[in-house]
Structures are given as C-alpha cells and as structure tokens.
Amino acid sequence: MILPAYLNTKIAKTVIAALLGAIMLLPFKGVLSSLILFAAIASVLTVISLSGKIRVPSAFSTIPAVIKRNKTCIALSLAGILAACPLVLNNYFIDVLIMAGIYSILAIGLNVIVGFTGLLNLGFAAFYACGAYTYALLNTKIGLGFWVCLPVSALLTSCAGFLLAVPALRLRGDYLAIVTLGFGEITRLILNNWDSLTHGPNGITGIEAPTIAGISLRDLHYYYYIVFGILAVSLLIIRRVEMSRFGRAWKAIKENEIAASTIGINTTKYKLFAFAFGSFWAGIAGMLFAAKMQFVSPESFTFMESVLILSMVILGGLGNTYGAVLGAFLLVMLPEALREMQLYRMLILGMGLVLLMRFRPQGLLGVK
Amino acid sequence: MLLQQLINGLTLGSVYAIIALGYTMVYGILELINFAHGEVYMLGAYLGIILMGFFTATGVAGPGMSLALTVVFSAMFCAMYGFAMEKVAYKPLRNAPRLSPLISAIGISIFLQNFVMLTQGATDKVFPYQFGETALIISDVRMTATQVLIIAVSMLMMISLRLFVSRTRIGKAMRATSQDKTMATLVGIDVDMIISVTFVIGAVMAAIAGVMVAAYYGLVNYTIGYIAGIKAFTAAVLGGIGSIRGAMLGGIVLGLMESLGAAYISSEYKDAIAFVVLILILLVKPAGIFGRDIPEKV
Amino acid sequence: MHILDAREVSKQFGGVKAIEGVSFRIGINSITSIIGPNGAGKTTLFNCLTGITPPSAGQIHFKGKDISALPPHRITHLGIARTFQNIRLFPEMTVIENVMVAQHCRIRYTLPGAIIRSGAFRSREAAIREKAYEFLELANLEAYAESHAGELPYGSQRRLEIARALATEPEILLLDEPTAGMNPSETRDVMSLIRKVQQLGKTIILIEHDMHLVMGISDWIVVLDHGVKIAEGTPVQVKNDPLVIEAYLGKETAH
C-alpha cells in the first residue's frame, strides 16, 4: 500500500496493528480488555521484530528423523505402556484414552482421503455417523450383536463414501470440499428430522456393548482393549496399503493428477477407492463410539466434529499415518489436561489452525 | 399466502445476495473461498445489537437515527475485521498449496464464532428496539418496515457496488486484478491494496446485512454466521462464482426457493434446501448461471 | 511399418482452433520431431495423442486401434508415454518412488495381497523396485534414488521424467521439449539418453526448439504453423522447404 513514509516504519505498523486489534475488541469486551489486548499485541510484535525471523527450533524439526531412527524401540514401548494403562488408570483416564483411540481410527481414515490423495473432505462426521447409526439401529431394532455388525457397518459406510464420491469427484479442490460439507450437513439434518427411525435429536438409547463368549465388555477397562486392538489392526492395514502400489497411486494423484493419469493410473477409480477405503474406518470408529456411549444422537456428528477430525490429521502432518494418531491423541487429551481451558477449546483450535498453516503447514510429523 | 412467501423470500434473498457479493468478489480475485465471511455478517449482527443498545441507552439520537449510526459504526468495525482477517489468515498463504488458505479460513471462522460466544454468551441476544410492526397490508399480506428497509437497502448497495466496480478507478483495478494478477501488477496496480479493498467492501456489506437481519428477526445467535455463510456461498455458486450480477440473482433465487420450500415442502428441511441446491448446481453446472467454464491449463 | 497414424486431427478450445486437420504417420523405432514457431499447436497435439485433451475431430490410430476417445491411463496401458514441457514430477515422493509408481499398470497385485503381504505381493513388489533401479541407471540417476524428486537439479528432473515415462514400458515415447532451459552438457546427456531409448526399440516423438539438435537426431520432421501441418519430411527436405523457411523467418527474408 502507498503510505506516507512515517506510517511505513516498523514501529508505526506495530502500533497500527495493536490499535486495530484493540478497537476491534472494544464493542465486545469493553475498554479494559481492549487496553490489555493493545499492550499484548504491541509487545508480542515488538518481541518478534526484535528477535528477527521466527524460526522453528531445530530440535522440533528433527522429530521425524529421531523417530525414524528408533522406530521399533518407540513402537514397542508405546505398545507396552498402552497395554498397561487399564491396570493402573481409573475410569476417567481410560475413558479419555478410549476416545483418543476412536478418534485415531477416524483420523487415519480421513488421512487416506485428505492426506494421501489430497481430496479435502469437510463432511467426514457424516461417515462417522453412518457407522454409529448403522450399529445403533441394527442392534436396537433387530438385535444384531457387535461382531456381526462390525463388518456390516464398515462396509455400509464404505459404500456411502463411494456413493458420495461418484458425483462429487467431478469437482476439484475447494468445490469438492464444499460438496462434502453440504453432504455432512444434509446427513445431520436427516438424522435430526427422521423421527420414526432415528428418534430425531433425542437419539437412540440402549445400544449394547460388545460381548466375547457371552461376557459383556461393558466395563471400560475391557472395552479399552477392543478399541486399541482394532486401532492396531487398522494401523497395520493402512500402513501396508500405503506402502503398496495403491498408496503410491494415491500419492501420485495428490502430487500431480495429470502426470498420474499419463503414467497409467485411472485417477477416478483411485479417488473413488480412497473415499471408500477412508470411509471404511469411519464406519468402524462410529460403531466403537456407539457401543461405548450406548447412545447416539445427531449432535455428535456436526460440522465442528468434521473440522476437529481434519485438525487432527493436519496437526499430525497431512499424509502421515502416525501423525494422524498423534494429532488425535493431542487434540483429545490436551483439552482434558487443561480442564479450566475447556471453554476456550474451540477458540484455541481455530487460532491454532491459522498459526499451523502459517508456520508449520506440514504438521508436527511432516517433513518439508 | 403465496405472495406473502414471495415477500419473505425476497427479504431473505436480498440478505443472501449482499453476503454472497463478498464471497464472489474475493473468489474473483484470489480464487479463495473466504470461509470466514459468514462470521463477519454474524459480527455485524452482534455489533448491531451492542451499538443499538449503546445509542438508545445513552439517548444520543432517536430510534431511526440510532439505527443509522449503528449501521455506520457496525460497518466500520466489520471493515476492520475484514481487513485484519485478510492480513492475518490469507496474505501470508498467498503462495501456499490451495488447501492451506481454506483451512486457515476455517480456523478464523471457528475462532470468531467462539470469540463471540465467549464475550457475548452462548444464548440468543435480543435486538434492543422494536420497529413499528407493519408498513403495508394488502388483504392478508403484510410487509413490515424492516422488510421494506432490507429490500431497499440491498438494492441500493448492489447498484452502488456495480457502479463502483464499473466506473471508479479502484473498481476498474479490481476487475483488472481478477482477470490477471501479474498483468495488473505490471501496469502499476497495487494488488495488495486491491485485495484489502475487496475484503473491506465485502465486510461492510456483510455488516449492513447483519444489522438489518438483527433488527428484522430481533434475535441473534453466534452460529448464524456459519449457516448464512453457507447459504450465501450457495447463492454465489448458483449465480456463477466470480460474477457480481450472478451473486445478486443467485441470492434472490435461493431466498425465494427457501421460503417457498419451507412453506410448501417441509419446514424441517428448510436449511437442507440450500445444501441440496448447492450440490446439484455444482454437479450439474459448476459454472453457475452466469459463470463460464474455464478449461484447465495443461 | 507405421505404429502411429494421425488422421485429420483437430482441436478447438471454445471458438479457437488450436490444431486443424493435422495428419502424419510415425514409423516404428524412428525419431520424429515436431517443430514449429510458438503457438503452432505442438503441445496441443501431444495432449491429443495422450488423451489429456481428446481431439475434437479426426482419429489417431495406434497399432491399428483408434485411441482418440480413450482416457490418458488407457492410452498409457496400450503403450504411449510422455513427458511434459513444464516438468510434472511427484516432488514429495522419492526418486525411486517416482519410477516405481509408473509401473502401476505393468506389475499388479491385489489389495488383500498387499494387506497380508502374500508371496505374490512380495515378489512383485521386489520386481517393481528392481526394474525401477534399472530405469534409474539408464538415466544415470541411481545415486539419487532415495532423495525427494523435488530436490533434484533441473537437468536431472528432466531425465527422471523420462525414466518415469519409460517405466510404463511404452512403445512410443513423447518428449515435450526435453532440453528446454538446459546448458550444453545437460543437453548432451539428454540426447544420449534419447539415443539409448531408441536402441531399446522404442519409437520417439519429440517437440524441440533447438534446430541443431533436431536436424542431428531426427529421422522425420513434422512442421506445424498456426495449428496446420505445413511440411514434413527428412531433415534435409524440411530444411530446404520454402514454406518452412517462411514460417520461421517471415515472408521477406524467404524471398
């Protein structure tokens, strides 16, 4: 912008930015808060300009390399710690860990679509809902058990992903994202309004927990092992597919679709496959969620839920399966750790997404 | 009954249209879906309530004058939000992969929603002044003063925007920038400035829409931005994103569809109408009614 | 024997005719250059041949089969591969992965096989890697196998793109300005690679601006101007064709 010289100095810019922020806050929060914000912005910007260019600490950027070197060791100790958790932790912690496990399955599924194949999906909660409601309905209406329903809901959700993708994949980039968002919202509206089937906003109650040999695994300490067992299997399968010709084809499509088609990849087919394969895991996660809560309602499957799952994938590093798990654990456990910050959870998440895109778009475990 | 629905639809559609203009202008220049644009409208509505309360409580002016002042100040505040939003969330990402700005935009959107929820509360806020109920009654059709105001102000804004874009220097520079950013820079257009102006204009219009809607419905909630944003975006896509004329028509068509759909099809699925329209349009004619297909460069 | 036969190929974008009624034949194991001034429609012709933008009219016969309506991946399956004027690698994948992914249509295994790591999966995956190394060696890139493709120097990126195209095991290789922006030594590397490819029995079609190079390497030359074929023939014939000289140098100088 063409500014008078005195406005183009660093100090002037800092003052203007702080002033702007303070004025913007004024009508919402009053004079005192505005003054505080003014001081805060001014000092942060001053510190930044004095310390020069912001650089990610070098220890931080070597995380991926360190992990790669000690892969087996880290994997084994993590597995050991996770397996021992139910022996020492109380119900509250186990509950949190179970949610982290379920979100991990969601995140690694979404990562197949967004991270591997580069198709932004803003309606993933709809597939999560599909899995949850499939089990809820099959269980409460027909009385089918957990283990019978598991493949059924996973495959059904997979089909839903495929069916959405057939028309949607004619669109590119942002438009595809918006169509998936619209699909997610329509799904939620249907769940909310189809009273005779879904009981609308009241949701479905009385869903059974899984049983093994007639013993109910309702106790979270047992259920924990089911969730983490399934997570381990999902991780194994997804990693193996990722490192096969299928995973390579997805990544090629993400990096250059035209080049991918000229080396013989049927891009439409593989994009459909990515949607179906990624949604499959949402179906499983949805089931695990329904069986854990023994209750489902549309409010668990809002747009914010889709954004939350996407944030996990982005935080961990788009395209990085383990990163997605890390992202899920962080975003489930951090708000619990900062209980008094609970109210600010989404505020921080929003700001975090902006900062992440600005300073580390490749996420925590991504390599640039 | 039908006429009444048409009037309601036209009111609603005018609001969608002016919000849609913000989406369409930004998309025209940056090819970015400014996902947080709906939140500016929501901020405008809250500012309407806060400022109207301030002006009526302090008694600086009568209700009409207070509303005028509220509109002006709300627009000014939102202009700052629009300006700051672009500088914080989009400008640093101008050369980043396409997903980045969209995700950043989602981040801003969540941030603003929660910012308002935390500072103003999660419950509905009430507009502090009731305007006279009816202006026109023809048999059983009513048109309130606020409805007349909304339609008139919207039309006025759309006409002035068109004149601004086609007649003024900055408006012409905006069109040049949307056609070819590099060329615009080469002929001496300050592209950064044009982008800022675009965001500010979009924000001002969204703010005015917000104040008017707050006065019209009397109730405001921190989630209205997201829903209105999606609908306005639908309107922009319906008319052909990037086209100003298209955004206006798209908004009005969508408003009419929604109000007729709610009346004659199902009021529970009222919000779904926009989504269904959006999906259908994108799948059948992604370029919208007025847009043109752009072949991808190889 | 002709391996490729283009008949009256035309392509329009909106109302603009990018190429119009272009016909030519390509002999097996030959090197054909397509030349012409900027905007003559050379890349458009390549896009038609590879299915990226199918022709609006005309037919393209590859080994007697009309491929003009096929999608790009089908054409690649049949045996036509290409590179791009503006390099299109997969920059975040490693060099070897870039070549491995190109064998997608030649060496296959099933999804369950990949999940349980069946015997077929393991042997075929090993074969893919081994072959990828061979192609890297051909292009002198084996030293870079594990680096990211985006980190390679410019000249090596061009050669990697050729190696990747070769990994689809094509019969015809289309090269769109393979030496654009290269220094003389990089150009020599690419030229020797092209000759090696010809010795492997492949047919090569290239778009090239460097006339010295074109005259030296081509068996046949097709000249386009404003979307129309104005001449074709051996290098000597083309060099002396008045229409070609006119197209390149303008009317006055030609007389």
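Every chain is named by a letter (A, B and C) in the order it is written, and numbering of its residues begins at 1.
Just so it is clear, a contact is a pair of C-beta atoms (placed from the backbone, for glycine too) under 8 Å apart; a residue touches a chain by one contact, two chains touch by 3 or more.
Bear in mind the structure is a predicted one, so any value in this text is a computation, not a measurement.
S.K.: Identify the chain pair joined by the greatest number of C-beta pairs in contact.
M.R.: A-B
S.K.: Taking each chain's centre as the mean of its CA atoms, which one is farthest from the centre of chain B?
M.R.: C
S.K.: Report the chain closest to the protein's overall CA mean, measuring from each chain's own CA mean.
M.R.: So the chain sitting closest to the middle is A.
S.K.: Roughly how far is chain A from chain C, centre to centre by C-alpha average, rounded to an integer in Å?
M.R.: 41
S.K.: I'd like to verify one number: the distance from the centre of chain A to the centre of chain B, where each centre is the average of its C-alpha atoms, in whole angstrom.
M.R.: Inter-chain centre distance comes to 29 Å.
S.K.: Which whole number of Å gives the spacing of the CA centres of chain B and chain C?
M.R.: Here chain B and chain C have centroids separated by 49 Å.
S.K.: Tell me, which residues of chain B touch at least two other chains?
M.R.: 298
S.K.: Provide the list of chain A residues touching at least two other chains, using ranges where the numbers run on.
M.R.: Only 258 qualify.
S.K.: What are the residues of chain C that contact at least two other chains?
M.R.: Only 52 qualify.
S.K.: Per the contact definition, I'd like the list of chain B residues that touch chain A in the complex.
M.R.: Per the touch definition, chain B meets chain A at residues 32-33, 46-47, 50-51, 54, 77, 80-81, 83-84, 88-89, 92-93, 96-104, 106-116, 118-120, 190, 192-193, 196, 226, 230, 233, 237, 268-269, 271-272, 275-276, 278-279, 282-283, 286, 298.
S.K.: For the complex, give me every residue of chain A touching chain B.
M.R.: My answer: residues 1-2, 20-21, 23-24, 27-29, 114, 118, 120, 122, 167-168, 170-171, 173-175, 177-179, 181-183, 185-186, 189-190, 192-193, 258, 303-304, 307, 310, 314, 318, 343-344, 346-347, 349-354, 356-358, 361.
S.K.: For a test of understanding, state which residues of chain C touch chain A in their complex under the given definition.
M.R.: Where chain C meets chain A, its residues are 50-52, 71-73, 76-77, 81-82, 84, 88-93, 97, 100-109, 111, 114-115, 117, 121, 125, 128, 164-165, 167-168.
S.K.: Once bound in the complex, which stretches of chain A touch chain C?
M.R.: Listed in rising order, the residues of chain A that touch chain C are 237, 240-241, 244-246, 248-249, 251-252, 255-256, 258-267.
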